[in-house]
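In this document, chain identifiers A, B, C and D correspond to the written order of the chains, with residue numbering beginning at 1 in each.
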Amino acid sequence: MPLTLAWIALLFALASALLPLLCGNRNRAIKTIAFLLLGLAGLAGIAGGGLALLQGASYNLTLPVGLPWLHSHLHLDPLSGFFMVIVGLVTVVAAVYGPAYVREYEQGPQFLLPLTIFTALFVLGMDLVLLAADAFTFMLGWELMSISGYMLVVYQHQHERNRSAAFIYLLMSHVGALLILLAYGVLAGFGDGFDFTHMAAAQLSLGWGSVAFALALLGFGIKAGLVPLHVWLPEAHPVAPSHISAMMSGVMLKVAVYGFIRFTFDLLGEVHWSWGLIVLLIGCASALLGVLYALMQHDLKRLLAYHSVENIGIIYIGLGLSMIFASNDLPGLAALGLVAALYHSLNHALFKSLLFFGAGAILQQSHEHDLGKMGGLIRGMPVTAGCFLIGCISISALPPFNGFVSEWLTFQAALQGTALKSGILGSLIPVAAAVLALTGALAAACFVKVFGVAFLGQARSKQSLAAKEAAPGMLIGQGILALLCLVFGIFPTWTVGVISNIPLMLLGVGLPEATAGGWLWLTPVGAQTASYGAPMVLLGICLAWLFVYLRLHPRRRKTSVQVGATWDCGFGPLNARMQYTATAFAMPIRRIFQPVWPIEERIEPETAENPGGGRHLKVGDWAWQKIYLVIGRVLLASAKRAALIQGGNIRVYLAYSFVTLLFLLWVIV
Amino acid sequence: MNGWALAVIQAGLLAFGAPFLAGWVKWVKCKLQCRQGPSPWQPYRNLSKLFRKDIVISEQASPVFRMAPYLVFSVTALAGSVMPFVAIGLPTSAIADVIVLVGFFALARFFLALAGMDVGTAFGGMGSSREMTISSLAEPAILMAVFTLAMTVSSTNLASMISHLLVEPFQLYPSFIFAGMGLLLVTVAETGRIPVDNPATHLELTMIHEAMILEYSGRHLALMEWAAMLKLMIYGVLIANLFIPWGIALELTPLALAIGLVAITGKLAVLGVVLAVAETSLAKMRFFRVPQFLGLAFILCLLGMLSHVILEVR
Amino acid sequence: MSALYLTLVLPLFGTLLLSLIGHWRSAGAINLAICTATFVTSLLLAIDVFNQGPLLSPDKMFYVDAFNVYLILLNAFVGMTTAVFSGPYMAHELEIGRVDDQRMRLYYSMYQGFLLTMLVALSTNNLGLLWVAVEGATLATVLLVSLYRTPESIEAGWKYFMICGVGIAQALFGTVLIYFAAERVLPGSEESLLWSVLHQHATELEPAVLTLAFVFLLVGYGTKIGLVPLHNWLPDAHSEGPTPMSAILSGLLLNVALYAVVRFKMLIDPALGSNLAGNMMMGFGLLSFVVASLLLHRQRDVKRMFSYSSIEHMGLMTFAFGIGGPLATFGALLHMIVHSLTKSAIFITVGHAAHVAGTQSIDKIRGLIRTQPAVGWCFLLGTVAIAGFPPFGVFTSEFLLFTATIKSWPWLVIPLLCSLGIAFAGLFRHVQPMVFGEPPAGQVAVKANMWPVILHLLLVLWLGIAIPGVLASWIDQATTMVVGKGLL
Amino acid sequence: MQMAALPLSEQMILTLAALILFTSFLLLAQTRIVTLIHTFAWQGALLFFATVLVAIVSGRHHLLISAGLTLALKVFFIPWQLRRLVVRLDIRRDVETVGSSSLIMIGAGALVLFSYYVALPIRELSMLSTRNTIAISLAVILIGMLMIITRRKAVAQVIGFMSMENGLMFAAVSATYGMPMVVELGVAFDVLVAAILFGVFFFQIRNGIGSLNVDHLNRLNEVD
């Protein structure tokens, strides 16, 4: 039954890709059909995945397509079911949000059709990846996802930015795909078979295992956006249509995480502790650098993209802990780490897509990417502001919202590091926890900046002054996600109980302790060790608020509220330019962590076009400057060398074949 | 049931005792500086006066501005209610462990900073920016410190931490010394005392906390101030009960509770004196020196953790 | 049997006919008609072979088995679809005055002549005749390469002529040596150049001679395949000739040359018992793959770029055949089909694109999707397909090749994958700006018939999603013939 | 083995082989176009004699046909056509200076040694009395290539190419008593077509780049 539903989801996605082709260029029809079917696909995915997750069972199906001797195997188990739910959730919301959002493209120079088609194919590819049970089908879905993602990023191709971003994205994900293919190849070489059952049966030596693991880490890491493989992410997400950025950042990265979990925990079999340590360290680096780079951005969507890097880092910290515990045969703790990582995947999908939807709404209303031009938007678009605020709180890992729960679980897992024999690990893991703490605090700082600068204060530009509330569809979409953020923050016990089916399948143990205290108390390791009563927290805050509010309410006290001008220290009236800007807000942190960024900062001389001169500040990315540009230079140089073989003189050409002949003769005789 | 009642009472005690601690510190400070200071009860007078005053709100202010004081106060109060103050083993302490506690402070700070940016003045933005910068350095230090304890007693639950320390035969934990010192430094930074911030001044170059609440008046201001005092109180109790746990009531008998009350009052009084001495003897430091200050705190906490892992794990 | 002869006679007839009436306005249609007839007959031939298995003509001159039947089919098919494109294209060329009536006659008759030689080369049983046919293919196309009489085209033609001529001459020497070796096994018989006969006695042939012979054959036919460093004629010939020519050169000629090499490898391997031939082919293949992928980054002419991509893919196939083993061979045989389908489709599209922009220079072609969405999308999808993205068939075959490589030569995968990435970058960094972006002023849509392209791409798509049983069984039989054991 | 041990006919064949090799050395050294063509014609003639001899000795009478083809093509048609072209292109008097010709000569000598070395295993196998000639024909082929590589003038390159063909034919004739008839005919046909096409190209090149110097054909390259 669940597999049938998942299968239906695939069909709906396919239909949503193909049916609009019949509509010619009647935009309304295209929108209706495409997004309706997309939503249905999402719902079917949620239903199928959810059932599989709840029942904790796995289902198989073999389709008569693919290679003659390797038919494509489909497989649905709690792990893939969980991620199908994530995909489904965001897809549904995107389907609600999309029709209103794409309205601005209808007047645009390009047709609407490619957008809807490739959105559907994008979803189709992701679902296929989740369902695949053999390398061929997996790669099929994976590359379908990549290529349609490319088409979506390049959709507004009149802008140079879009084109270059899309190219970088496609190139990197293609390289990633090759690495993944290679990783599967290694497993298949030992397990002689390309379906996952054979691969899982493969017995690898430590050396080959490490090779396969490294390939998988790199391959999936490129897609997931681990530092330093993240450079495509801040380029691609800002330029894609916002609901696409939401899906890419919220879901596609998760699919990469799924691939990594599937490969490492399911197929690779026995894990080595050093692999876990590497994952942990990379996770820490991604989390910290991600948030630090995010702090320096002033393009809203670019900033959110860097936060995706951060959150993926947090997820990988959880995975790393889980792998370390698993390799030290502490399956219970490994389950805890895995659950934390999975929970954070779900949460990040929710709040990151919520934030991107919010950014989309702002973009549509004020046509502003730049935080420096926003301000005071809360007056024009209060609902969006409210949802965005919830997103900010969740992503900053503040109670009682969902982001906090998963980070709390990660902390709990990290604190069990003392259970390990090895002192090195025992001392490194707490440091990782400290890094996680620093990350959370910086994230909070960053989102105070974002919300404060974008929504509060005075408008910094005419457009943001004139911004009105977005269309109902878009608001509903954001509302759903905001609600889910709260729900998954308030009822973590139930969620953890469900998710723990996955470690039950992968590691053989669930988290029986976690739900022991009833739905009210989340006690991952034991009631004595740590407990978190999320509903109580909400209740407590509300009670305290109520109490204070009732005590101080004007009806009982004869105090009045007057509205007056802001205190201007006796100078002239305040204007928008006197406010703190995003750059100014982040300045102290920039000074403290200076070496982290390549900063070019100078006072520009007074010229005709900008009277009074100006301050030029550009914060780059070391990874881009130190790795990718270098690779590019080397590549072009070697191409120049290789070109010498095509010099143009026919006698030289003939000499080549002459020498080749002589050489071969000399070799064989 | 009476556990819950006790918990509520304890929370009330904490909340209403907070202004006295603030007043006490100020009073001791004045005495140390040979000044005729206000009585320790002065903060109560200020608060009640503010509660009665009218409110002026900037026309730039958004709902966030009006919401913030209530939220900040109620979250801080909730944080106070989960603290083991006079007794442990109360049901409320299961609501939140020490990480959640830090989370509460972060939530309060989040809205405080937003409120600071709301009306769009230069002061507010500056205050928020500085506050978030400092806190983002302070938070990991706090967590490191409490992690050191948590790993020693293998629990992040405050109540079980303290009880563990009391029940186990006494032993000297070198890690605790580092962690305690670190936590002291962080407390100074977090509660906006000299040398990081100066609660007594409105000089725009130095102020942080005051800058954020500059636009507030009347009961809003009162709530903000009260929340700040409460925060100081909570940190005091945290340090006192974690590092000098003796005296706190293990079981809920009147006698034990009385002893606990006396004990905690004594500890807080001593802490207040220590704080006053520190504030008198130190000078407010430049904002960009603060990171070094917090860096020291962080190093101390890290040392604490490492010494725990290296020396104490058997 | 009659089907086979028809398949060969029709193009011959076409050659003679069109050499007389090639300048008529209806010549394109006639050409198409003949090609279609050829395709139909080849289809009948395929059905025969499918029903009766390998068939040998009474005079033992022609031999069609599972290995060459689908290549014959492919040739006839691509010849037909390209003819669909070539009619309007050459008419357009005639309008803008790049060619005159006489050259139109030449073009059409040589088009048929080329197809004839290809079909003979594929279906013949006589290795000498194979050589004659392949050399004939060169002679048929060499004047077409220099059809436009521009200095560049003449230069390209001359290079094509000399390099291929010299190469092919070496192949003839190799054939002579094979004959020499055969003479010792079956002295005095007229049949000792017949592949069917030789294949039976393969094990008895003299290793030393065969090794020597294979070197000459590899260098000879390898020149035709376009293996680095014998490839230099290929980019010139592809870029300067008329586009339909480039399509069938890239789609058919290279395949046929590779086919010849593999046929000889099938003789050499049993005799030698070692994988010497395979190792040579692997070396050439890898070198071609790497060099071509690097050179893709330095292209200024769009057809030239895709000809380098052809070198790259031929290198890949040669490498795969060199590896041997059922998986690799199956992949290589499949790759022959998907590559020629995709590449000819791309060249057809490029032809239209060049007409749209009025130039072949990459820098001047911009924003095709705006100017003419059909061309733009086909161009993009074709490039995606040739770059080896699923669900297109090229991915399937490359998947097989790489898995085979991982199994037998794990460390060779590293250069292979690196250059695959490099090649993709080189291809796409040029294609993307051509397809997307704002079109330059004065770039107008042309009358383009994209159905051949769409048909090809759909076929490639089909092969990517599921390989039809007939084809699979044929390829598998061919695999069995080449490496001794099949896959299914 | 001793020459004396062989019957006269085969001694003659070997002598002819030596002469053919000598002619290709001449071709390599020759700088004046017209003389080059004449030398080429002489090589063809020698090949013709050799073919006839083998045909008579071995009694393979179809070899006579191929001998006839050789006579028609290599001795009469191609030299005649080349000469005609040379006259029409008016390059009779052209003298092509070959850089460091002595070095090339030494190279050619080395090639002869090399081909002898390569052909050794075959010599061991061959039943036929004329087996030694394989080395010679290989040498002729290689020297032909060397000539193509070293000459700048298109005409000279064509002659080099044709002398390669001669080498091939000689190999076929002497090592295996000729190829099957179909192949012989096919090859001859190809050579004929090739010869005509060369003629066409001379004019195209002449009109295209103004001279027949192939070094000027270097527009198409990747180097910049």
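Keep this in mind: contacts are C-beta pairs under 8 Å (C-beta built on N, C-alpha and C of every residue); 3 or more make two chains touch, one makes a residue touch a chain.
Not measured: the values here are computed from a predicted model.
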Labels of chains that are neighbours to chain A and to chain C: D
What is the chain whose Cα centre is as far as it gets from that of chain B? D
Where's the contact count highest, between which chains? A-B
Whole-Å distance, C-alpha centre of chain A to that of chain B, is 35
At what distance in angstrom does the C-alpha mean of chain D lie from that of chain C? 31
Centroid distance [mean C-alpha coordinates] between chain C and chain B, Å: 78
So what's the Cα centroid distance for chain A and chain D, whole Å? 70
Multi-partner residues in chain B (2 or more other chains touched) are none
Residue ranges of chain C touching at least 2 other chains are 158-159, 162, 166, 170, 212, 235, 295, 298
Pull out every residue in chain A that's touching 2 or more other chains. 643, 646, 650, 654, 661, 665, 669
Judged by the touch rule stated earlier, which pairs of chains are there in contact? A-B, A-C, A-D, C-D
If we count contacts the way the header does, which residues on chain A are in touch with chain C in the complex? 64-69, 109, 111, 136, 139-140, 143-144, 146-147, 154, 157-158, 160, 163, 166-167, 170-171, 174-175, 178-179, 181-182, 185-186, 188-189, 194, 635-636, 638-640, 642-643, 645-646, 650, 653-654, 656-657, 660-661, 664-665, 668-669
Within their complex, chain B touches chain A through residues 51-64, 70-71, 73-75, 77-78, 81, 94-97, 99-100, 103-104, 106-107, 109-110, 113-114, 116-122, 124-126, 128-130, 132-133, 135-140, 143-144, 147, 150-151, 154-157, 160, 214-215, 218-219, 223, 287-288, 291, 298, 302, 305-306, 309-310, 313
Residues on chain A engaged by chain B in the complex (per definition of touch): 375-376, 378-379, 382, 389, 393, 396-399, 404, 408, 411-412, 415-418, 423, 426-427, 430-431, 433-435, 437-438, 440-442, 444-445, 447-449, 451-453, 455-458, 521, 527-533, 536-537, 540-541, 543-545, 547-549, 552, 557, 559-568, 574, 576, 578-580, 584-589, 591-592
Using the touch definition up top, name the residues of chain D that touch chain A in the complex. 114, 117-118, 120-121, 142, 145-146, 148-150, 152, 214-215, 217-223
Residues of chain A that touch chain D when the two form their complex: 643-644, 646-651, 654-655, 658, 661-662, 665, 669
